[in-house]
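Labels for the chains are A, B, C and D, by order of writing; each one numbers its residues from 1.
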Amino acid sequence: MSDIQGITIERDIQSEDMVVNIGPQHPSTHGVLRLVTTLNGEVVKNMEPVVGYLHRSKEKMGENRTFFQYQPMIDRVEYLSAFYDHYVYCTALETLAGLDIPKRVQYIRMITMELNRISSHLLWFGTFLLDLGATSPFFYAFRDREKILKLFEDISGARMMYNYYRIGGLNADIPDGWIEDVRRVINELPKRFAEYEAIVNKNPIVMDRCIGIGIINTEDCLKYGVTGPALRACGVAQDLRKTNPYCSYDEVDFDVPTSTDGDVYARYQVRIQEMYESLRIVHQALDNLPGGEPADIRKLQAEYDAVATEIKEAKKRVIVAQKQETEPEPADVKKMEEEPPELDKDWRIQGKKKVNMVSFKPPVGECMSLVESPRGFLGCYLISDGSPKALRIKWRGASYSNLSILPSMMIGNLYPDLMAVFGSLDVILPEVDR
Amino acid sequence: MSPVGNENRVLSGLVEIGRGLATVMSHFGREPVTLEYPEVMPDLSTRFHGRLCLLTKSDSTDLCIGCKACARVCPCDDLIQIEMHRDENKKPVIDRFTIDIGRCIFCGNCTEVCPVDCIKMLSDFELADYSREALVLDKFDLNLPGEASDQWRVEHGLEKTVK
Amino acid sequence: MTVGLNVMNPYQLPDWFIQLHVWVSENIPGLSFIDIMDPWQQALMLFVWGVVLFVLISFGVAKPSVVFMVLMERKVLAWVTQRKGPNRVGPWGLLQTIADGVKLLFKEDVMTPGQDKLLFTLGPVIFFLPVFVLFALVPFTGAIAQDGEIVFGGLLGIGLPVGALLLFALSSISVIGMVLAGWASNNKYSLIGGMRSAAQAISYEIPLVLAVLAVVLYAGSMNLMDIVEAQRGPLGMFSWFGIFLMPLSFLIFLISSIAEVNRIPFDLPEAESELVSGYNTEYSGMKFAMFFLAEYAALFVMCALTVVFFFGGFMSPLAGATLGGIHWTSTLVGTPGLIAGLSLASALENMLGVASGSVAPWIIQLEMVSWMVLKIYFFIFFAMWIRGTLPRLKPDQLMGFSWKFLIPLSLLNIFMVSFWRMWLPPVKDLESMVANFTQNMPFGIVWALVLVVGIGGFCWFMSELQTRKLKARFTQS
Amino acid sequence: MSEEKQSESKEAAKDDLPPVIEPGVYGELLEKKKFKVQHLGMDAMGVEMIEVAAESLLRVAEYLRDNKKCQFDLLVSVSGVDMVDYRLSVVHLYSLSSNESLCIKVRADEKEAVPSLMPIWPAVDWHERETYDLMGIIYEGHPDLRRILMPTDWIGHPLRKDYVENDPRLVWNRR
C-alpha cells in the first residue's frame, strides 16, 4: 500500500534483485505457505503467494461420505476453531431439513464457540508476538489456551478435533461441574489479558513495528474480500453476530470492537478487545443457560418420570378395575386424568425427534450458511440432492480471501514487516488449502 | 482511538519497557505448568477419545452383535472389519473384529451409533508400536474383561449391567 | 627481582612465565641452549605464551562459563514462562549443555555443493577466536601488594595500558566471521543475516566506544585495571560510574553491548522469524557449536566489561568507603569480615603448614573473583530477562536508533561527563569532595544546563520526531 | 417447510409443469431494469437465488454492485457445482450496508466457459482460480487463470463428477 516508508532506493550501485522463497517450510508462515518474494535489499518489490501445499481435498471427501461420516473431517478444515466449522455445517443441514434447535443446544454452542474464539485469538496472540520476536507472551498465551482446551476436552473428549455438534443438537450434554470450570477459567482470564497488555500494548518496539504498517482501508478489504477483525480494524462494524444474528446471539449483549486505523496495531487491538467481548458473551450465556447444570435436569427428569409412572400405574389399575367391573378408586381416576409433566423442550440437547445420524437424508435444496469465525466470514455452501451424501460442499474460509491481500500490503514495505503484517492477518493455512 | 498519543516517547518507552520487564519477572516464582509426561500422567477427562475397546457382558462374553453400524459410520475406509455368523440359536457369533488403530482418527462416530453400547473409547493414548501390523487390533486386544467393562459403565454413567 | 626481569623483558611477558623459562633452560639438560636474552626466542616465547594463554582461558574460564550460561539461559527463560527447563541430564539438568556439546561434536558436518568451502570453514573460526582472546583482557581480580611488593598481579591475562582500545579493536573482528559465514553459505537468508550483522556492528560500535570514551575521560586511563581502581571512591558503591556518575553512559553502553552481541531485541542477523536462523542457517555440527559458544562468550565478555567500566569490577560495594571509622578496601578488610577472613586464613595456614600471612591475600583474591562473577552474572541474567520480554526491532529502526538517537545522545553525554569531571574530579576522601563541590560550582551549573537543556531537549525532540513519523505513516498511504 | 417444498415439487412433477417461483426483491428489481433473469426462489437460509445468462452476467453484476438498492459490495465466494449435465458457477454476494445476501448462478456453456467477474469484484481472483482448478470452469477475461490448489501438472479437475481418480497418466499413480 504505502510506498517505501520514507526510504528511497538509489540505484547508483550495480545491484540486482534477490528472489527469496519464503516457505513452504519457514518458521513464521504458520504452516506450509510459500511466498515467492523479490527483494531489493530489504524492501519487498514483488510477492506472490503459492498455496496448495496442504490441500487435502476436503470438498471431494464431502461428496463421497455420508453427512455423519463427513463430520469428523470438518474438524481438520480449520483446526484452531473447529467448533465454527461444525456449527456452519450443522446449521446448513438443519436449515435444509427444517429442524428446530432447542435453546439449551444453542446456548451451549454459543459458549463453546466463544471460548473457541478466545482460544484461537490466544494462539494468534502468541504466534504474532513470536513473529515479532517476543518469546514470553507465546508461552503465556499457550498456557491460558490450554486451560480452555481442557474445557473442550471435558465436554467433547478431544482438545482440538471436537466432533461435538450433531445435526439437530449435540453429541452429549455438558458434563457435571463443567459450568463451574468455565466460570473459574473465564474469571481468571481477564487478569491474564491484563498481563499481556502490560507486556505488549505500549511497548515502544511493538508500537514502532505495528503502528502505520500494513495499512488497508475498507475499499482494499472489499477489493480482496477481506472480512473479520481485519475489516473491523478499518472502521466497519461488520460482525455477522450483530448484523445477521444466528444461534442466540440476539439474546446476549456485546459490542463489536472497531478501530479506524486499519494498520497492524489496530488489528491487534481489535482482537484483544474481541477476547474481552467473548468473555462477556460467555458470562451471559452461562447465566442464562436453559436448564443449568445437567445434574439438575437429570434430577427433575427423574421426578417427572416418577410422576409419569404413577399416572401410568393409576391408569393400569383403573383399566383392571373396569375389566373386573368394580368401582375404580376415585384417587386413581383423578390421577389418570392428569397430564404427565414434561421437561421443558428448551432444555433438551437434541431436537424433539432425534435425528438418525446414520440414515440422515436432507431434502433436496441448497443452502449457504455464514458465521463470523475468529478470522472472518466462514461459509459452507451445501447442495443436497436428497441422497445421504452431499452433491457439493464448498467451504468458504476467511483465511483464503484474507491471504490474497498480503502481496498488495507488502509491496514497498520492508521484509521484516512481512512477519508483522502476515501475523496480523491471522491466516491459518489448512483453511486456505482445505 | 489512534494509539499515537502526545506523551514523551522516550520516557514512556523506558517506563513501558520497565513495566514489561516487571510483568515478566512477576512470573518468576510461579508454579510451573509443565507436566513431565512419563512421570506425571495427564489428567484426562472421562470422555477422552482414546483407544477403542469392546465392552463385554459381566461374564466376559461378547456383547457385540455384529450389526456393522460402526463400520458404516466410520469416516476411514475399511478401518473396522467385522465378520460374524449366527449359531443354531440364531445368536450372533463374532468371528473377526479388527480395528486398524494406526489409521483411526479417534472421532468417536462408532461409539455413538452402537445399538448395544459395546464399542467405546478408553482414555488410553499410548498406542505406539514397532510395526504397522501390530496396530491392527483384533477382538482379543479390543475386548475389555467383564469387570473392567462394568467399571467403565459405572464411570460413564451407563449403570445397567449387561448380563 | 622484578626490576631485573623487566629490563630484559621488552614484550612485557608475565614474570612467572619468564621464571619458568629460565628454570627450564637451567634445569633441563636438553634445553640448555635456550637464551632468554635472544630477541627471536623472546618472540617465540610470546607466541607460546599466547597459545598457552588462549588454551588456559578458553578451557579454564570461557568454556565453563559458556556451558553454564547456556543452561542458565534456558532455565531463566523457562522460569519466567512458568516452565521447568532442562532437568533430565544430571542433577537439575546441569550436564545438559555438555550433552548438547557432545551431540554437536558427533554430528555430521553438512556442506552443500554451492558453498565456498574455505570461507565457510573460516567463518566460525574468525568469529570464535577474537571473542576468546577478549577474555584475556578482562581483569577478574586486582593486584595484591604485601609490604610494598606485588605478590600477585591479579587474575588478568594481559594488562595493557591501552586495554580498552584493544578490546574494541578485537571485538569488531568477529563481525567479519559473520559476514563470511553469511556469504559463503550460498543461502539467501544467511546472506541477508550477514549483511545485517555488518551494518549492525558498524552502527553500534560507535555509541559503544563513545560511551566508554566518557568512562576513559573520567578515569583518565585506558588501562582496565586503572578504570576499576578509579571507581574506588569515598562513597563506596556510589562512586561507581554506572550508578551515580554516568548512568546515561551506562544505559548507552548496555543497549549497544546487547546490540553488539546480537541478542534480542537486536538479534537481527539471526532473526528466526524472518531469516530462519540468519547467518548460521547452513551450519551444523561443530561449526555451529563454535558460533553458539562464541555468541555466549561474547555476552559474557560484554557483561564483564559492563561491570569493569561501570560497576566497579572486582570491588566490593564497600570498597573505598569509610564506614564505622574503618577505611574499607574490600568487604573482608573491615572488622567483622576481617576477623572471619583472618581466622579462616590462619586456620588454612595451619592446615597447609605454610608461613603465616601467606593465605590471607588469596582469600581476598577469592573474594574479588566472587564479586566480579556475581556482578557479571547479574548482567547476564538481565540480558536473559530482556530476551524474555522484548520483541525484535526492524533493521531500519535499528540503524535509526543508533545513528539518530544513541550517537547524538552519547556525544551529549561526553559533554556532560567532561563538565562533571571538572566539577567533581575523582578524589579518595569525602572532605575534598565536598570542597570541590562548592569551589567548582560554575562547572556544576554548566553540567546541569547540559543535563536539563541538552538531554531534556534532545529527548523531547526525538519523541516529537518519532510521533510525527508514526503519524506520517497514516498520511502516506 | 422442507416437506412442503418436497410435496410441492412432487405435485409439480405430476402436473408436468415447472413450479411457479415468486421473484424475490432483487430479481424483481433486475427484471424491472430489463435484465434477463431466471428466478430460483429462496434457498433454505432465505437467501435469494437468481440465474443469469453468461452474456448478461457482467452487466447484472455491475448493476448489483452499484445500484443504491442493492450495493452488493462484498464477494463471499465463488463455487463451481457439477450438476452432471452441466456446470454452474455460483457466486455468493453480501452487502455491508444492508446485510443482505444474494446468490447468482451462471451456467457454463459448451466450452465450460463463463465470463470472469474480475472487473466488478477483484476479490474473485483466487476464488475463480480455485473453481477453475477444481471444477474446470474457464473464466474468460481472468488475467491469471491457472491452478492454485492442485499441482500445476495435475490432470483433470477433481471436483467434477466424471473425474478419474488415480489417473494412470499421473506419474505418482503409476508407481
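FYI, a contact is a pair of C-beta atoms (placed from the backbone, for glycine too) under 8 Å apart; a residue touches a chain by one contact, two chains touch by 3 or more.
Owing to the predicted nature of the structure, the values given are computational and were not obtained by experimental measurement.
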Farthest chain relative to chain C (centres taken as mean CA coordinates): D
Sort out for me whether A-D or B-C is joined by the greater number of C-beta contact pairs. A-D
Roughly how far is chain B from chain D, centre to centre by C-alpha average, rounded to an integer in Å? 41
Taking each chain's centre as the mean position of its Cα atoms, how many Å separate chain B from chain C? 55
Measuring from the mean C-alpha position of chain A to the mean C-alpha position of chain D, what distance in angstrom results? 26
How far is the middle of chain A from the middle of chain C, if each middle is the mean of its Cα atoms, in Å? 52
Do you know which chain C residues sit against two or more other chains? 80-83, 388-390, 466, 470-471, 474
Where chain A touches two or more other chains, by residue: 136, 140, 143, 199, 203, 207, 211, 261
Quick check on chain D: which residues sit in contact with 2+ other chains? none
By the document's touch rule, what are all the touching chain pairs in this structure? A-B, A-C, A-D, B-C
Chain D-facing residues of chain A, complex: 51-52, 55, 57, 59-60, 63, 92, 95-98, 222-225, 227, 236, 238, 243-244, 362-370, 377, 379, 381, 383, 391-392, 394, 396, 400-401, 404, 433-434
Which of the residues in chain D come into contact with chain A in the complex? 1-3, 5-6, 9, 43-45, 47, 49, 73-77, 79, 81-83, 90, 92, 94, 96, 99, 101, 103, 121-123, 125-127, 130, 134, 147-151, 158-159
Flag every residue of chain B that touches chain A in the complex, lowest number first. 1-4, 9, 12-13, 16-17, 19-20, 23-24, 26-27, 33, 44-49, 69, 72-75, 105-109, 112-113, 121
For the complex, which residues does chain C have touching chain B? 78-84, 385-386, 388-390, 459-460, 462-463, 466-467, 470-471, 474
Residue set of chain A touching chain C in the complex reads 1-3, 5-7, 18, 20, 26-28, 39, 42, 129-136, 139-140, 143, 199, 203, 205-209, 211-213, 215, 261, 263, 414-419
